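What follows is subunit A paired twice: with subunit B in the first complex and subunit C in the second.
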Partner chain A sequence: MKNPAIIGQSIPRLDAPSKVTGKAIYTDDMKLPGMLYGKLLRSPLAHARIKRIDVSKAKALPGVKDVIVGADTPGVKYGNWRLVPQSQDELPLAVDKVRFVGDEVAAVCALDPETAEKALGLIEVEYEELPAILSVEEATAEGAGLIHQESKGNVSLVRKIDYGDLDQMFAKADYVREDTFRVHPVQHAYMEPCSSLAQTEEGNRVTLWTSTQTPYIVQCLLASTLGLPENNVRVMKVQIGGGFGGKMELRPWEFCAAFMSLRTGRPVKFTLTRHDELAYGRRRHPMTIYSKVGFKKDGMLLAKDFQVMLDGGAYNAMGPTATFLCGTFGNMLYNYPAYRYFGRHVYTNKPPASAMRGFGAPQAAFAAETQMNMAAEELGIDPIDIRLMNAMQTGDVIPDVATISSCGFKESLEEVRRISGWDQKRKNKTPGKGLGIGCFSFISGGVFNWFNTKYNFSAAEVKVFEDGTAQLAVMACDIGQGPDTVLRQILAAELGIPIHKIRLISMDTACTPKADLGTWGSRVTLMNGNAIIEAAGKIKAMLRPVMFSELDLNQIHDLAFEDERVFVRANPKKGMDFAECVYKALRGREGEPLTARGYYTPRNKGLVSPAFSFGAQVAEVAVDQDTGQIQVEKMYTAHDCGVAINKMSVEGQLEGAIQMGLGYALMEDLVMDDQGRTLNTTFLDYKMPAAEDMPPGESVEIETYEPEGPFGAKEAGEGLAIPTAPAISHAVFEAVGYRCMETPITPEKVLRALGKIK
Partner chain B sequence: MAKRTIELIVNGDRYELAVDPWRTLANVLREDLRLTGTKVGCAQGDCGACTVLLDGRSISSCLTLAVEAHQREVTTIEGLAPSPDELHPIQEAFVQHGAVQCGYCTPGMVLAAKHLLDNNPAPSEAEIRAGLSGNLCRCTGYNKIVDAIGAAAKKISDTGKEA
Partner chain C sequence: MMMPHFTVHQPDSLEEALDLLGRHRSSVKVFCGGTDLLIKMRSGALSPDHLVSLTRVKGLRTISYAESDGLVIGGAARLAEVGKNAEVKKLYPALAHACSVMATVQIRNMGTVAGNLANAAPSGDTLAPLLAYGASLVAVERGGRRQIKLTDFFTGPGLNVLEPLEIIEAIRVPDPPPRCGSAYMRLSARSKVDIAAVGVAGFMNLDLDGKVIRCRLALASVAPTPVRCPEAEAMLEGQKPDDTLLAQAGAACVRACRPIDDVRATASYRRAMVQALAQRVLAKCYAQAAGGEA
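Right after this comes the complex of A and B.
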């Protein structure tokens, strides 16, 4: 079926005018009467017992209104895996023990930020230092101390996947290789530092404006840590300055703002600094990845044994999900007759790692795709050919995981080969230059319910009015990726009304329908889009009787909703204005509003996701053999995101993903000392690509139609962050023969490999 | 330290303020004048989110003391559009070209672009990129921002006026 014209259009973001004029309001822009300013005291040590805390001097400082430590709080542990209570290992403020440099120990609120800061300096904490465990190897070594008493061997979660006869397949293989890869930590580096503002009303109700990607999760976990009913907490809409996975949990400053607001009866705001973010904030998991893979000599894959240790830092955060997904990303691109995954989430005394754009996939793909290139090289097969031979296709099954319902992977490979001039350039090689390939597959949201919500995963409420406008209420959360526009495009397409006639209410846990699990795992367009379509369908069903009785239609007639009209599809002249139709329906209902709700929860969709996107990317690089400098000259991408709802937004996702992928591959790294302190805590030292660092790009969208997605759409934002690092790494190998097994790819490593430095 | 009385001319409006001498211009704009369009992404001079124009030149307002702006003209993002229902061509181009995602870098980007085009009305792509060297964006990959600035330059020179 043909999609309505508004689907696929490059409609400029509806929130853009408010953002270019400075009117858009982010949390830290808010100031309420009587508001207090909060600050956090953090642990200076990576691992220590708290012997004594004395806050009396801080409390006595004029202007200080409240000081709290762990013992003052209800002491309820939290974490996003509510289904597995023992995984909930975090407290808003440390009790007894601190586990990383930056662990929150106390909080202060005062009349102004300077007084709050001063008060922090007056809090006396006596620590008994414990040995800091700073690597997964130390953490899992025999006799290592325990970071959390309950977690034996410092492993908090194990995930196994096992199918096919691994031993038999390896025995059959003509070519087997084993490699170990190490990938480093990077940070989301969203431009808006986290900020939260809480206000209490009517005694024990709390309203929270907060920089989050998961308002519903924050609502639930905040309520439980405060010891309040869920309904007493309202998380409200505010603009969010980026998230990328770094803002999807309850955070200590959210709790402290709410808790201190309840205690003082005044609004309390916390805003982090960039130093806080870089030094203590969430990050992408460093991993140690062992991979053994077996092929027939013609390049057919037979088996893979994938063993991963995730360096989780001091708490689980979203690490369990990353551990789970990493195993799935290890085999998502190609058909493996036998596959085994053994993933371990390991505690260390470092700032917790968590979800970050790709959720375990950038790391898994760096190893898996690099190894694919190594195998192709040794088998004497073109790296694209070997991928084509093994690539997933529509209808393929990833055992125990999913059936792929749409897949444009092979087409992506063919396209990227064509646009990059792959064959010619590989034939006529220039020294110091190279082309490299990396591929990806990604999920469109998760089917798992570790949060243990009792609600649908996504919900939408649609209301239509006699002036021909509509209102859409969704809990979905725009953190910059664009659902405030895209979701309205979907409703506009369904109701046949212009997008500017739809008012949006989003991200308000008190008055948007329950629930929405938030913005992560590339779930919003597919899941919320489906909920909107269901709600719109119910509205149309309410309008149907008006049409049939007013126009005396035959039972066989089908109605169309287009161009602000409702009409008989076979006879467009027969119809009326949408506004008139709504008016008539309202008349008949004695004013009872025309409101409908739609829901979406993936069911019978395997264990991972209802839909999967695919793609391939080629990097063209030049390496200066004297300095080791790597210049990415061009990026070529072909990807299958199903039907793009908003083309310009999809392009924006791709371009933004390349910025992040480039930074991951070449520039960004969180450097730590042997005390567990992060050393590069400014953007001068934490280098991410600026405008001049960005290579030109060329891209092709492979349109498939995803049957599970709204108008055929699926994931388009996250997966693209995956292929860039392996593609660049491969290109560097092709250029100068250096194969990076331990990211990032730095000039120093290149020069060492070339024997130019020791 | 005693407060200083300063006079700021912000977006054409004159304000007399008593401020602590250590306070930054970004802080005074945001907290005292409530012009919160000026964003603070780092407060360290590294990200450009706090860019404003001081006597027409782009500066990082997080690195500038409010007292330094005494009796000088400050333009913030709120002062760029010619009227409440019109956008400046740079703002318009940012909207139309998809140069805005989360929007946190946007005010700074727009004002950096304004400075650039005031000094170089027909910049090459490389000059635009160089002109943004002090401004970080984590969402867009910059390409659409660069396109938008190129388009705005053209529009301004075609119409011969700023809006």
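Right after this comes the complex of A and C.
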């Protein structure tokens, strides 16, 4: 199938110039007349009962306009998993109890931020401290105190997957190994700390500008927590400075801004600091992963038993989905005749973990890919060969989960072997240097409707005008990943008009078509792209009669839309300008504009996702054996994202993913003390790789055509963040013999393994 | 969180700057690059009513070298300027290296060497190289000038012997003798753009037989202040270094440090790194000195 020329082009982001010149408007840039500044009072304790709160001194401070505590709010619990109401465990402000250091206890708004800050210091809270539970082991131990009374032994959710005869397969295995891995927490560290600004009108309507990935979810949950009809809440577009999964829920400051705006009748803004984000913000789940795997001696996989405890922190957040996906990605890449997953999401008195780029998959892959390398080593099989032998292919079925409709995994393995010089370098090993491999698969959007939306998963509205331009309205949000450009490319390809002739209205819950579940799970290009194609098809159907009557076409003729013209495909000379065609179509419609809507909801696509990406990555590292310092010298990647709509965007995703993977493997870690307080709350001590640390890279895109995706596309956003850590870990093992079972891989751990420090 | 109001004074001369300091003595700070000071003001740790800026003081930003005087770094000379100075690069490579790798490009372009010393963070990257070079600084106040040896300057984390109304006018580094070598090496969790978790600086010069006449070693980030290693230095002086001796000197350096466990590294890792880096630094100094390089 031949795609239009604009598909696959490297078009620079349309929002890039305003962002790099500092002109783009983010929520915190906005000021409204009469606006108040909000601040949150947070719990200093990890686990405590609130005995008394006295806000009278804070209220009396001149300049303070409102102070609220949990008891002042409607007290409606919320959470993204509306389908399972008992999973909704969060309140905007704590009532009776605090569950982590940073749990929101009260909110203040004042004429200026300094006064608001000062007022926080005047709020008196008396706590009765409870024992803090800071690990999944403590939380699930017999007799452990309950963080939420409703939970069974602090386990908030269990996910099981079970197919094939596990016992029989393990009995058949020639080689069985059992390992336990521990992975640590890291943070999204998006460039824009969260900010929300609310304004009320007509007493009980509220408009919220907020740094979110999921405007529709925020609209719904904000309405329910405020006790307002959904239609009274409007969530609106601003620029979003990154999210990576950390901004996909209703958050307390969004509620507080709206609620205090309703109470005071004035706009209210809350903006978090970097300290707030690092100390109290969402993070990637730490996990304890037990994995038992069985092989035939020739390397064929037979069975896997994968048991995971996710350290969820104080609330569910997006933990349930991470629990599901961790199980899905525990076996995704390879064919397992039998597989069992037992995942438990466990409450602890720590800041809640949630979605973060890969959503349970980076952790699962770290364990699964590392174990694959350990097995290859012991079976005496090349790590790439053992993967090729077991690799998932197009048409493969994972029982109850998915059917793989396109898969370039084997090609990715072959290509990464070639570009990295794998065979050659493994033959001629240099001491202290090594190559390691990690692989991934990821979803292109989720199928499981945990939000319980009554609308389609994605929707688009297209209007065309007689001047040859178009307008695209979608609720999808560009949080920096690029859909504002990519979605216009898709419409431009469909209508045959240039991208700059398309005005985009996005992310406004009041005037973009209902609905879109937001930016997460790498869903936007596939799902919204499909909705746009459907809407564009309807527009084209409206233009058809004009063409057929004006040009007296035969029933057998087919129309093409290219280069701002509409013409007979078999005879391109026969046609007219797109603008003229729209102009003619408008006549006789009694002024009714040419508007069409398209929708997409995956159906009959299993439980997980309509399409899966695949890929393989090789890391080349050098380890200094005296200092333990690890230098990643080069990254080689081969991946299958279907048809890349915008190649430059895909490259950007790859580079960003390597940066995050590098940080996850080697540097980033949220360090906590025994009171549940985070110790490294600045970028000085939360170590992220900087530009100078980025290794050079080489990559190959394996182009497959995904039948379910727009123009054959599937995800390229999150999957690439998965393989880097296991690849680096494997490379370190090859270089110096240290196998990391507990991330991150630090120089200290390397030296300990080498016996150089005690 | 928010910075309170304050007044910035921008005098043209040192005399004027000293007058301003005196006039606002109850709440005043010397300001130049601002890379440490403004962070402390933003966090609320400091809230002076007045800042006396040295950025316009004439002559304070010069970097000059003469065989007779050695190197003189003006109190307002920026880290990046020192790091890029041709004579510093040639004659004081450990200092040039520290000035070109510490912090970030933006901070190096704004921050000053004098400010790095005044801030007295044990992790400050220019501290150890300057100690290894036997540097001293010239402090000036309205009453007059005094020269302070860098070895006597630091008294604790963030603490030094500077009086509140004193300004660092210059840093003086002796002229390197013939047959000498020097080096600075640092480690952090993030290999490039980062604060040092361990730093070691060394200086060595040899006699015509290749024996060590003088050696100075200084350690950063492994004690409440940067520290010298007299035991290791004495061990090397009068000797022809070999690998065994360098390893022993490295072990002596470990005895000189008093590291702590913190989020940047554990004490035991820091000790091991003092050993490893000291050996490397000494080997590099020796090679340079023996090769006749300055």
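Some observations on this one:
Everything below uses one rule, namely that the second predicted complex is superposed on the first by the 758 of 758 C-alpha atoms of A that agree within 3 Å, B and C clash if a C-alpha of one lies under 4 Å from a C-alpha of the other, contacts with A are read in each partner's own complex, and residues count from 1 in each chain.
Following the convention adopted for this analysis, a contact is a pair of C-beta atoms (placed from the backbone, for glycine too) under 8 Å apart; a residue touches a chain by one contact, two chains touch by 3 or more.
As the structure is a computational prediction, the values presented were derived from the model and not from experiment.
Subunit A is touched at more residues by one of its partners, and among subunit B and subunit C that partner is B.
By the touch criterion defined above, A:692 reaches both subunit B and subunit C. After overlaying the two complexes on the shared chain, residue contacts for A:626 are found with subunit C alone; subunit B is out of touch.
Residue contacts after overlaying the shared chain place A:273 against subunit B and subunit C alike. Of the two partner chains, both subunit B and subunit C are touched by A:684.
By the touch criterion stated above, A:758 is placed in contact with subunit C alone, subunit B being left untouched.
Shared contact residues of subunit A with subunit B and subunit C: 273, 684, 688, 690-692.
Chain contact summary for the complex, subunit A toward subunit C: residues 113-114, 117, 273, 626-629, 631, 666-667, 671, 679-680, 684-685, 687-693, 746-748, 751, 756-758.
Interface of subunit A with subunit B (complex): residues 10, 12-13, 15-26, 28-29, 31, 188-193, 239-242, 244, 273-275, 479-482, 648-649, 651-652, 654-660, 682-684, 688, 690-692, 694, 697.
Residues of subunit B that touch subunit A in their complex: 30-31, 34-44, 46-47, 49, 76-78, 80-81, 87, 91, 94-96, 98, 100-107, 110, 126, 128-130, 132-133, 135-146. Listing the residues of subunit C that touch subunit A in their complex gives 1-2, 104, 187-195, 263-266, 268-269, 271-273, 276-277, 280.
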